[in-house]
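Heads up, there are several structures right after this.
Heads up, the next two complexes both have subunit A, just with different partners, subunit B and then subunit C.
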Partner chain A sequence: MTFAASRPAFAWLLGLGGAIAFFLLFVLVLDRNPFTVFGAVLVGAFGSDVGLNRTIARAIPLLLLSAGLLLAFRAKFWNIGLNGAMYMGAIAASGVALYNPTAPGWLILPLMLLSALAVGAAWSLIPALLRVWFGASEIIVSLMLNYVAARIGDFLVISYWKDPNGRGFPGTATFQEGFWLPRLGSSNVHLGLLFGVVAMVAVWLVLSRTVWGLRVDLVGQGARAAQYLGISSAAVLLAVAGVSGALGGLAGAGEVAGLNHRLEAGVTQDLGYTAILVVSLGLLRPWLTAVACLAVAGLLVGGTQVQLQFGLPSAVSGVLLWAILYGVINAQNLAERWKGGAPPFRPAAREGTAAAVVSRLAASSGARGPRDGLGSSERSG
Partner chain B sequence: MAARQVKTSDGGEAHRSGSIGPSPDPDAPSGNEVPAVSLRSISKRFGGVVAVDDASLNVAPGEVHALLGENGAGKTSLMNVLAGLYRPDRGAIWLNGREVHIASPEDAKRLGIGMVHQEQRLVGRFTAPENVAIGHREPRWFTPTRYFRRLAAQLNARYGLHVDAATPVWNLPIGRRQRVELVKLLHHGARILILDEPTANLAPAEVETFFRAIRDLTGAGCTVIFITHKLDEVLRYTDRVTVMRAGRVVASMATHETSREALNRLMVGELGERVGPATRAPGEVILAVRGLTLDDPTRAVNPRDVTFEVRAGEVLAVAGVAGNGQAGLVEAITGHIADYRGSVVVLGHELRELGARRTADLGVAYIPEDRREVGLVGGQSVAVNLALRRFDRPPYSRGGWVDYTAIRRDAVELIGRYGIRPPDPDVPVAQLSGGNQQRVVIARELSGDPKLIVADNFTRGLDPRSTQQFSDELFAHRDRGAAVVWITSDLGEALSCDRIAILNRGRLVAVLDRAEATRERVGLLMSGDLPAHESA
Partner chain C sequence: MTAVTALLDPGSVEMGVIIAFVAAVVRSGAALLPATLGAIVTERSGATNLGVEGLMLVGAVAGFAAASQSGSPVVGVLTASAAGGLLCVTHAIPVVQGRVSPERQLVLGLILVYLGDALSRLFGQPYVGHSSAALDTRFAVPLLADVPVLGEMLFQQRGLVYWSYGLAVAVWFVLYRTRLGLHLRAVGEEPAAADALGVRVDLYRFGAIVVGGMLMGFAGGVLSLSTIGAWTEGLTGGRGWIALGLVTFANWHPLWAIAGTLLFGGFEAAQFRLPAAFPGAQYLLGILPYLAPIATLPLITARMRGRSAAPAALGRPYFREARG
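After this line comes the complex of A and B, so read on.
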């Protein structure tokens, strides 16, 4: 594959460059030296042990989420609901911990993780089943379920599960130490990193080497061709939805069991959405996506550095982050347009991703038919 | 007659917009009339497929001009060029003696060109006057009911629209909706009207009314180009006819100077060399279809009580104009649908219980009409596309792991055997030309020596050489002992087969032996102009 010469790669670089240029300009308008600020973001993220440690800790949920998202998006199952799955995973793990406060850790910790996997999977299966049964747009359903999950979490941490000694802050009590995921030395990097790396490597292996992975790509790239070959799209969609939801749930469990050791409102920090940015930057390829995880985690962490050092709000790094997404999406759309009036033939797996999600969002008001014809299209002229 | 100016409703807007060349027309046909529309040597390709090939067309002002041809002859593509939807690769467009450049539908609109497409492009929830007003001098801020009532009254007075200003158009009968589209174009200033198969959905009585309305328009100074494949309507309602075949204009003449038979022959072309008939007597029955009936509400026409048999060693053509139930028939005999009535039996197995995959495993090869979307997965390599049927079983995979080395090795062999270019198993199949893409499909489907081959319009959009090569391949499989069903809209292809079943409005109206099938008879049966009982 001649990556360097390919059109998506060019669009990608163009979008990234444009976003960074926009960011530098933005900082200039704020009357700071853009290069110093940009440098500070990088140094804050990767320049010190503390920064690197926080960056890696932040990359852990992103790895899990984007591994799942990668799989779903390759099958063109536009699961926007990983934030919800992550939330539900965190809730499930916390529930296991809170209701068994005295049980041994070797029993409860695995149970926490397993319940998070199961609940996350179930959460993502809702939009998948509705799509398979009724042709409902998974984008709308999964997006809406994110809010449902967040409200359930909010509700629990201010009511039944609220820490009685929490001085009114919304959140549960801290779990007992036996339920914490082991950490690397004194850092924030917990065992979730292993899960994330394993998940990403597994997704890579599955997609590039297995029959099932090829089916995922066939359903994603040629839904009608898959139907023609007798491949059950429904089975593939349900499977990728379940796996992506499970990984989202695991990401949530990692946050509560590995990092915070309690459930608090807003535990996902919207990383379920950030993961969409990550896989878009990674062009739906596992290795690139893994790199994108680290880079995006770095930007998130580096942003706080900007706040400390320059008195700028940490949202400044968010501006850079989402400018990158915007730039990459639009550059991809532009590249599509440049291709001109050629027959409607889409390039491979890397097509669109976030761009496709956004345009699907725009188009999803039109109902999907229960089945698409396979034989001759009835046309003439 | 002096050059008729293209007038828009704003009064000559055409002269300030669009780029109209200053030079007079050097190539104007001799005679005293400057054509309202003159297309000169227009060519348009899509990827490797030539849609329009060096086509020229002159339409006199005020005439009803038929553009006649089979499906895929390039009629709609040529007219899409005039309407600004496609940019031609080559060629020029002249209107009323001046060269114009039409880069977009807006340009075409400014020049007074309007097209009614096959699929209607009205907003269903809007009323007729609302639909007419969209995109042209609509009220800027508010859209008061009063405005539309007034507009409706104006339209009624001017064009005899006769519709209620309050009825959403989806409540109107289809003929009425078509009138709304026409009025919309006229209101937008169109004086050259292109109608793409406007009678396709009309009842016979509506057709009559429709053409009376068209006559009124030409009387009022409009020029009408009318795309069709129906000979009857051409002969009855048009002044001139231009015939297209395989992207080319093959003839143009005054309608009263020609005949049904002559037009039919021009439309379908002369036969190439006929392949020899089957040398051996047909063998056992491979495919038996009995009383096949579908009720798919998403299709305009479904197969109705279709019964036929195909034996080993024969090619049965299912001939018909596209959209006469072929799609459902193909899905049924390849095991893709189960909700049919009647029976479809392949080698003793009822397909209803099998599904697509196990049907294929019986030895049923299926070459779909839409090779890009159905037959191939464009982003995947040629090698993977060649292995699509078998990638999930040995020797291509074991224990769930794909052996890409084995897939690639066999692909190299097939690429050589079928002459696929470029000879690279790793290139994405989307980058191949149309002919080579079809080679990939054929190599995959036919390399396993199937017992039944279902080929659905598989030569569409291919050059003559590939067409010849692929049909030869099909007949070679017949001589090997395969049963072949060839769904085709092309009369020449149908006539080269051993038997010809003619499909019209979902029914098999006749099954003819090669010896009793003449070009005229099959052509007329296909168009529904010859009732089935006359052919019996």
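After this line comes the complex of A and C, so read on.
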């Protein structure tokens, strides 16, 4: 084993070792046995039917959200507004359910999902349009829109949509049973799991097997390269924003139609932010991201379990969770840096030469030659 | 006519309401402003830090605890700044030394939000509902406080309020009137050019992130010791996110940040003065601080083409060999 090959291993040792050392110290300071606590996280998340049930239920929205984020982030469209899209999706689905209380479920349930898809897409198109039209940073716009959505939802559940029999609880009345997504047996696992898996597989297929996926990556490489190949980066940005928002909306609809059966304040539980962490942990690659979904969902559920079992304040599991994830992110980063070269998902690196990319694109009907106006001065650097 | 004279009469009821409102606006803005300045300093160096909300929470607890132990609000805010700066070292190391990709930079900022929240809940537990902290006290500026209307509006505030607005002027001075500030802006704009001129890009970015964190921590201290005067979990209530929006709204300029802060402080102050019978209007006002940056961003980026101060290298790691 050469030194070059062992450097990524050293990075993992540093990042993960640091995280584990922090975990050990922190738990020891709290006067608990770190191994029992860690065992309890695993058992709590994956070891029992109840735990596994909760973990998968948590992973469903994460799958949908991170599938959408993969597309957006691969095009370097930094959509951090999926929490808002998810909230708006939940609101839209709830609205359809609340205003048609007596309609048949076979009609309303699909309408709930469709409206969530549409509203979520529209919500994420706002930052995309502002970027395409004005060059405005999508980060700040999508971030602000998260709070706009949350305020709208919080307002609705304490006013017009409030459950009259809710004893002051900020939430709507429970939907009628016809509007619930089917569940697997007596578990919490609902049809949303299928949507999530399909979405993730579809995103993987699109990114790895289609010209459109290559375009997404090329736009992510830099607008100039894409423009040179005749790709409209505006169209790609709008598409990835719309699809990611739609999937975010669907995640929200899944929470209200599949899990809670009503709209509550704080329905997203910040999963739209957690998903950003998940795709980063998954190195922006679909399969790794799917694994990261399950792992992070497990940590969230296991952490809650531990705090109940050991009588620890919820802040403790919070500190541990985020400190560990901080360590992992750093380990991944150092492993990439010290290995040298580009991260493996970059198509230019994967496909070999730029000529291969060009010929693949030229074979597709949408490709055009270099445009005028992008002269040598653009490429001289 | 009588209404107008009544309004202009410093002693009238109407004038009293207006004076109290403006004073409340200035007070509300005091906790928002240092956080905004912190984000401006950070972003001017080309680094991002989404963790404002978490850093404010940590600052709020640290400040409250230190003021309780020491009996001095000044010790409180200084501790709050130190806590914010210290926590930001964990952000600066991967962002500057680790040269993380843009999406990891966002993720690390978000981790800081949640880590800060969890830390503040952990260490703040004994201080929930605690009232023995030495809170910020009112300070009437000599002479100025006696100016009829303006004095009551601006110069009879609590002590830390003056610090906040003073910091904005200080940050402006450093950014625009010193070599240090020129270098910092160059690093955020054209790191390769700055590097070629011998400016140590990494050092400036590291420093900007840590100083930015100190300002965010300071803002938390102002919030718990002055604006609200208590510690509860989730005390910031979204102010950290609003501060991030304010950076854009103020076009990355410390003095414009004062104007933006007063406007946003106005939204906050008005929220508590609306009749409770219209919760919708309250929520609408609560949304405005988030909508305002969205509404103005296109104007800033399109209409002011070339004059937008958004740092060109924002969020991009700097590799010397890549030259930009």
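Here is the rule we go by: the second predicted complex is superposed on the first by the 301 of 381 C-alpha atoms of A that agree within 3 Å, B and C clash if a C-alpha of one lies under 4 Å from a C-alpha of the other, contacts with A are read in each partner's own complex, and residues count from 1 in each chain.
FYI, a residue touches a chain if its C-beta (ideal position, glycine included) is under 8 Å from a C-beta of that chain, and two chains touch if they have at least 3 such contacts.
Here the structure is a predicted model, which is why all the values come from computation and not from measurement.
Enquirer: Would you sort A:Trp322 into first (subunit B), second (subunit C), both or neither based on which partner it touches?
Expert: In the superposed model, A:Trp322 contacts subunit C only, not subunit B.
Enquirer: Regarding the shared-chain residue A:Arg215, is it in contact with subunit B (first), subunit C (second), both, or neither?
Expert: Touch partner of A:Arg215: subunit B, not subunit C.
Enquirer: For A:Ala239, decide between first (touching subunit B), second (touching subunit C), both and neither.
Expert: neither
Enquirer: More residues of subunit A in touch with subunit C or with subunit B?
Expert: Greater contact footprint in residues on subunit A: C.
Enquirer: Looking at the overlay, does A:Ala257 come into contact with subunit B only (first), subunit C only (second), both, or neither?
Expert: neither
Enquirer: Output check: A:Ser280 vs subunit B and subunit C. Expected answer is one of first, second, both, neither. What do you get?
Expert: second
Enquirer: Quick one: classify A:Tyr228 as touching subunit B (first), subunit C (second), both or neither.
Expert: A:Tyr228 contacts subunit B only, not subunit C.
Enquirer: Same subunit A residues contacting subunit B and subunit C, which ones?
Expert: 343
Enquirer: Using the touch definition from the top, list the residues of subunit B that touch subunit A in their complex.
Expert: Listed in rising order, the residues of subunit B that touch subunit A are 46-47, 71-72, 75-77, 86-87, 118, 196-197, 227, 229, 298-301, 321-323, 326-331, 335-336, 355-358, 360, 366, 368-370, 372-380, 384, 388-389, 391-392, 397, 400-402, 428, 430, 456-457, 487.
Enquirer: List the residues on subunit C that touch subunit A in their complex, please.
Expert: 48, 50, 90, 94, 98-104, 106-108, 110-111, 113-115, 117-119, 121-122, 125, 238, 241, 244-245, 247-248, 279-280, 283, 286-287, 290-291, 293-294, 297-298, 300-302, 310, 314-315
Enquirer: Quick one: which bits of subunit A touch subunit B in the complex? Just the residue numbers, please.
Expert: 209-215, 217-218, 221-222, 224-231, 341-343, 345-349, 351, 369, 371, 373-381
Enquirer: Under the stated contact criterion, what part of subunit A meets subunit C in this complex?
Expert: 73, 76, 78, 80, 126, 130, 133-137, 139-141, 143-145, 147-148, 151-152, 154-155, 158-159, 273, 276-277, 279-280, 284, 313-316, 318-319, 321-323, 325-326, 329-330, 332-334, 337, 343
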